[in-house]
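Listed next: structures, encoded as structure tokens.
Presented sequentially are two complexes of chain A, the first with chain B as partner and the second with chain C.
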Partner chain A sequence: METVKSRNNLVVSYLTVGGVIIIAMMVFGVLMLLTQGGVIDLAPAAFYQFLTIHGTGMVGAAALAAAGVMAYFLSQYVQLSQKVMRVNLALFLTGVVMVIIGVFSFKYASAWTFLYPLPQLSANAWGTIGALLYLFGMLILGAGFLLFYLDSGRAIMKKYGSLAKGLGWDVIAGKKSEDDAPPKAVIASTMVTIVNVTALTAGSAVLIMNVINVINPAFTVDPLLAKNLTYAFGHIFANSIIYMAVIAVYEILPRYANRPWKANRVFLIAWTMSTVFTLLIYTHHLLMDSVMPTWTLILGQALSYANGLPVLVVTAYGALMVVYKSGIKWDMASSLLYLSMFGWVVGVVPAIVDATIVVNHVMHNTKWVPGHFHMYMALGACTMFFGFMYYLAKEDSDIKENAMNRIAFVAFALAIVSLSGSFLVSGALSTPRRWATHIPEWMGPAVFGAVAGVFAMLAVTVFVIHFIRYINKRRHNVHLEKTSHDEKPA
Partner chain B sequence: MGKPMFGALLFGLLVIPPVRHLMESVMIVHMLVQIPLLILAGFLMAGFFRKSFQRFWFVWNENGVPGMLLVVIIVLYWLIPRTIDASLENWSMEWFKFISLPFLAGIPLGDSWGKIGTLTKSIIMFNLIPMLGLMAWLYIDAPVRVCNNYLEAEQKMLGWGFLMITAGCIIYMLQYAFTDRSDAVSE
Partner chain C sequence: MLVQTIAWITSLFFMILVVAVFAVVAWKSRERKDYAPIKKKWYKARTFYGAALIALMLVLTIYTLRELPYNQPVYGAGNEPTVVDVQAVQFGWNISENEFKVGEPVEFHVTSKDVNHGFGIYDEEMNMIAQTQAMPDYTNKVFITFDEPGTYEILCLEYCGLAHHLMTADITVTE
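And now, the complex of A and B:
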């Protein structure tokens, strides 16, 4: 039997696993910056292993946690399969273990983008086994997520009829009134289902291509095809995280502000536009590949400008309107969710700048890029599910938020802004990204970023500890409920 | 004349030596016409076997998953270039092809497809799409001749054939997901 409690158990597991992995990955982030800053002396090979595990782990863990948020709210409207959620979690953990063994025991270090032909062509930095462990690990992880989205697609179609209706196209077309528009959680989940099923399908094809190439290097892949498939996977999948996590903003802020926030036609059009754009804009990763047809690059540039904007604008504007003069109560959940809007808005600005071809010629592959996505991912996406974690804790138990939490909130915001700022400064200094060793002129911002990273890590640790305390409390409460039930005469 | 009869007729037609030779003389027809038609023949005959051996199907294929697993394994086997090559050179392999595809893939498919839920079906489809796409790449881009019996040019043509089918599957799934299914979707 599916009960709210058992469903929440899975959601709680997704968030706990996600949160703990994020803390661990932050340690590697700090170690990388300390190496780049010349503070510690890490062998370059180890740096690249850390880079690989940090990128893979962060994207995977954030996606898992965000999927937890999506599942929590989506299943208030449609019937998701618990079995699928459990299988996804199991495959995720299996994949993670394989990736960890591949990276640390077999020195695999292609970065999380595993761009062909690097998995095979490592100049003996790693061997076949490491590459296969990593590639199959990613494949298993991807299979789990694919299962999850196929199930969400199935459930949405069962309730609403089709994915088109999940996006509210009948409302856009005027066949149904705005009052009958699907809930925002359903709209966002439909969008994510569409883009991620596409991404994961492309990803599994290119992963197997790499596997074949690793096993028998005589089988080569057209590098341009491989790059297209790889970024169609990586960019879309990483991008989808924020679109899952933002459901928390939609569902929680109106409850706090005690005001409705319904999907109207503009909202629906924005989400449909972002669905299409998200599928196409990965081409901005290929702006330097002059062999790409020019029109795809122009499309990549134009749509990259447009991509986040529709949803970002309706969300940020909507959030402002919901909160404005509402007398909203600011606690950890609402503060984090509000902060995430700031992180999202500020985080896309450097991205839009860099998606301009002429700027990209200068900034391509500098630390400007991590500057953008650390702001966007850490202060945008992650902050959303941290907010959700506080919300769930409050909803589901009588746990109190102490001063430590509020200090952590401020520390987190300042630390991530500083960290991302340090990356952006490095980028402006033309520091290349993904270089283990920096010349002295580049070291300052890296050391500064490392210090900021330590604070960010401590703050997230406070968030996760709060969440784990809630789990304990909840277990205790369930136990009490049970015993009081047992004691009652029949 | 019912479906099973059509299936039996189709099977009979495919077995006739001149038809068989004709189909197998062109790689793309061998892979993308003969093999699917053999499966189709079994699929059409499934009704007859389901009626005749009701208990067997109930005991062994209650939820359709074992049957689908068998289908996937048999189809995978016949996607390997080496097995196709062997079927042209080795009588027992040719026999096995003509038995396995209709009877171990087609018939179980006919029995299972109605039993498995929407989720399992979509898993199969979304496994098929990258797999067929991969086959397209493999045959178009292979650095060597993969079959002794066919030329490299034929191999390329087959690859493009796979790509067309992949595109077809994608278009099918798109129309499936974007048109109303409220009644058809199950667990």
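And now, the complex of A and C:
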């Protein structure tokens, strides 16, 4: 029988798996920076394997944790299938194991971008088995997520009639009053459902193309088509993480501030804008492919700018209004959620700058790029679900937040700002990204980033340990409840 | 001024602004005031803020899109560009010509024999001055006129395999 507790078990599993993988991936991040900084001497083969696992693992783990947040809140309004959530988790773990074996046992290192035809043309660095393990692993992992979003789409349509109504188009059109607008969790989930079904379809297509090419190199694909599909998949899927995780901010921050934060027409329009822009702006990854139709690249810049508007004018602004002179109680959850809004907005700035074609001309594929995405992914998206983890722990058990947690919060904020800042400095110095070695002029920021990365990793370890401690307490509580229940006379 | 420097200063300015806004709101959160007047005041402010932001973005979009690196420059009579064929291979560069004069317009026609690579041109201070993707089956172009003499370096800017970071070449520009 489906109960709130059993459904939360799955949410807790998503977050725990996500959190633990993120810590492991941070180790690889630090090792890469130490190598680039000349502190340790890692073979290029190992460096690029770490690069591959770090990028793939971070996005996968963060997406899983964020899907947990989405499922937790969405299931308060619609009936999600527990079976599908379990299948998604199982396929995720299967995919992760295949990717790990492919990378570490078979030396596969195409980076997460697996840009066709690199999986097949590795200059003898890896073979068919490694490539197939990675590509099939990604395909299986993607299939799990696709099932998850098909189910969320089904559940939303069942309750609200259509995805358009899930986005509140009837309210935007004036057919329904703002008071009848769908809850924010539903709106965001509808957006993510739409964009991620698209992303995962594009991703599956290009993964299968690569698989066939690896097995039979006589089968070829247009490399520009493959590149478009890869970035349509990667950009949208990675971007969706923040749109899932932000549900935690919408749902939790107003409770702490004791203020309402309802969806109104402007909010609905903003989310429709985000839906459209997120689908279209992946072309900003192809600004240095002048063979692309120029209008797609101009659109890539213009819509990347416009995509800043929903967060800058609606979501972040709304969060600031909710907090401003509210007498809000600051604990780990509320602090992390507020920090996450800061991380998102601050990261949007260098991202928009990078999406400017004339800037991209000299900054594309420099470390400027990890500079901005570590802000809105680590300090934005991940911080949202870390905040959610503390919220859940507090709601669901009597676990206390100790001083160590507060120290970890400060360390985490400073460390990620330092790490991202060091990447931005590297980018301004034209340091290329994804390079196993650095010239001496580029090494300083890498070493600084590595030290910051160590602190960030320790801080996240504290967050995750707190969550795991909560799971133990929670299990204990469930057990006690069950016992007392059993003892009651019929 | 280098584009990188402008990008860095612009980003820093707006990022500091963001820090200031979040810090002030966090500081002010210690007070507790009725939400209705706050909502009224700041929703009104949002109209201006939103409009200003859209205006700023429009101006910046139009300004930065005036000249795109994709456009072939208009060459004067007798000042025809030197066309240079560039082919990337794992892990090196086949460049048809690598010595140029200051002021000579150059067009790099860049492609790849195998996988995706990136063709990045770095000056002597190791600042990137231009780039394009090197793709199999396609030819991307870089239009450039070198202003300074010196040895410029080509770096691979798209991950292409285990010797990606060794994929460099030199070009020389003389007076």
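We adopt the following convention: the second predicted complex is superposed on the first by the 485 of 490 C-alpha atoms of A that agree within 3 Å, B and C clash if a C-alpha of one lies under 4 Å from a C-alpha of the other, contacts with A are read in each partner's own complex, and residues count from 1 in each chain.
Convention: a residue touches a chain if its C-beta (ideal position, glycine included) is under 8 Å from a C-beta of that chain, and two chains touch if they have at least 3 such contacts.
Note that the structure is predicted; figures quoted are calculated from it, not measured.
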Combined model on chain A where chain B meets chain C, clash or fit
fit
Given the touch rule stated above, what does A:Val291 touch, chain B (first), chain C (second), both, or neither?
second
Just to be sure I read the superposition right, which of the two partners does A:Thr113 touch: chain B = first, chain C = second, or both, or neither?
second
Which of the two partners, first being chain B and second being chain C, lies in contact with A:Pro44: first, second, both, or neither?
second
What is the contact status of A:Val349 with respect to chain B (first) and chain C (second): first, second, both, or neither?
second
A:Ile23 in the overlay: touching chain B, chain C, both, or neither? Say first, second, both or neither.
neither
Superposed angle chain B/chain A/chain C, CA centres, nearest 10 degrees, is 100
A:Ser81 contacts which: chain B (first), chain C (second), both, neither?
first
On chain A, which partner's contacts cover more residues, chain B's or chain C's?
C
After superposition on the shared chain, which partner residues are touched by A:Asp222: those of chain B (first), chain C (second), both, or neither?
both
Considering only the touch criterion stated at the top, classify A:Ala205 as touching first (chain B), second (chain C), both, or neither.
first
Tell me the contact category for A:Val359 with respect to chain B and chain C: first, second, both or neither.
second
After superposing the two complexes on chain A, what is the shortest C-alpha distance between chain B and chain C, in Å?
13
Taking the two structures together, which residues of chain A meet both chain B and chain C?
222
Write out the stretch or stretches of chain B touching chain A in their complex.
118-119, 122-123, 126, 129-130, 133-134, 137-138, 141-144, 177-182, 185-187
Any idea which chain A residues touch chain B in the complex?
81, 84, 146-147, 150-151, 153-154, 157-165, 194, 197, 201-202, 204-205, 208-209, 212, 218-222, 225
Give the list of chain C residues in touch with chain A in this complex.
2-8, 10-11, 14-15, 18-19, 21-22, 25-26, 28-33, 35, 38-39, 42, 46, 49-50, 53-54, 57, 60-61, 64-65, 67-70, 90-91, 114-116, 118, 120, 122, 126-133, 135-141, 155-165
Over in the complex, which chain A residues touch chain C? Could you list them?
44-45, 48, 51, 109-111, 113, 115, 117-118, 121-123, 125, 222-224, 227, 257, 259-260, 286, 288-291, 294, 297-298, 301-302, 305-306, 308-309, 312-313, 317, 320-321, 323-328, 330, 338, 341-342, 345-346, 349-350, 353-354, 356-359, 361-366, 368, 424, 427-430, 432, 434-437, 439, 441
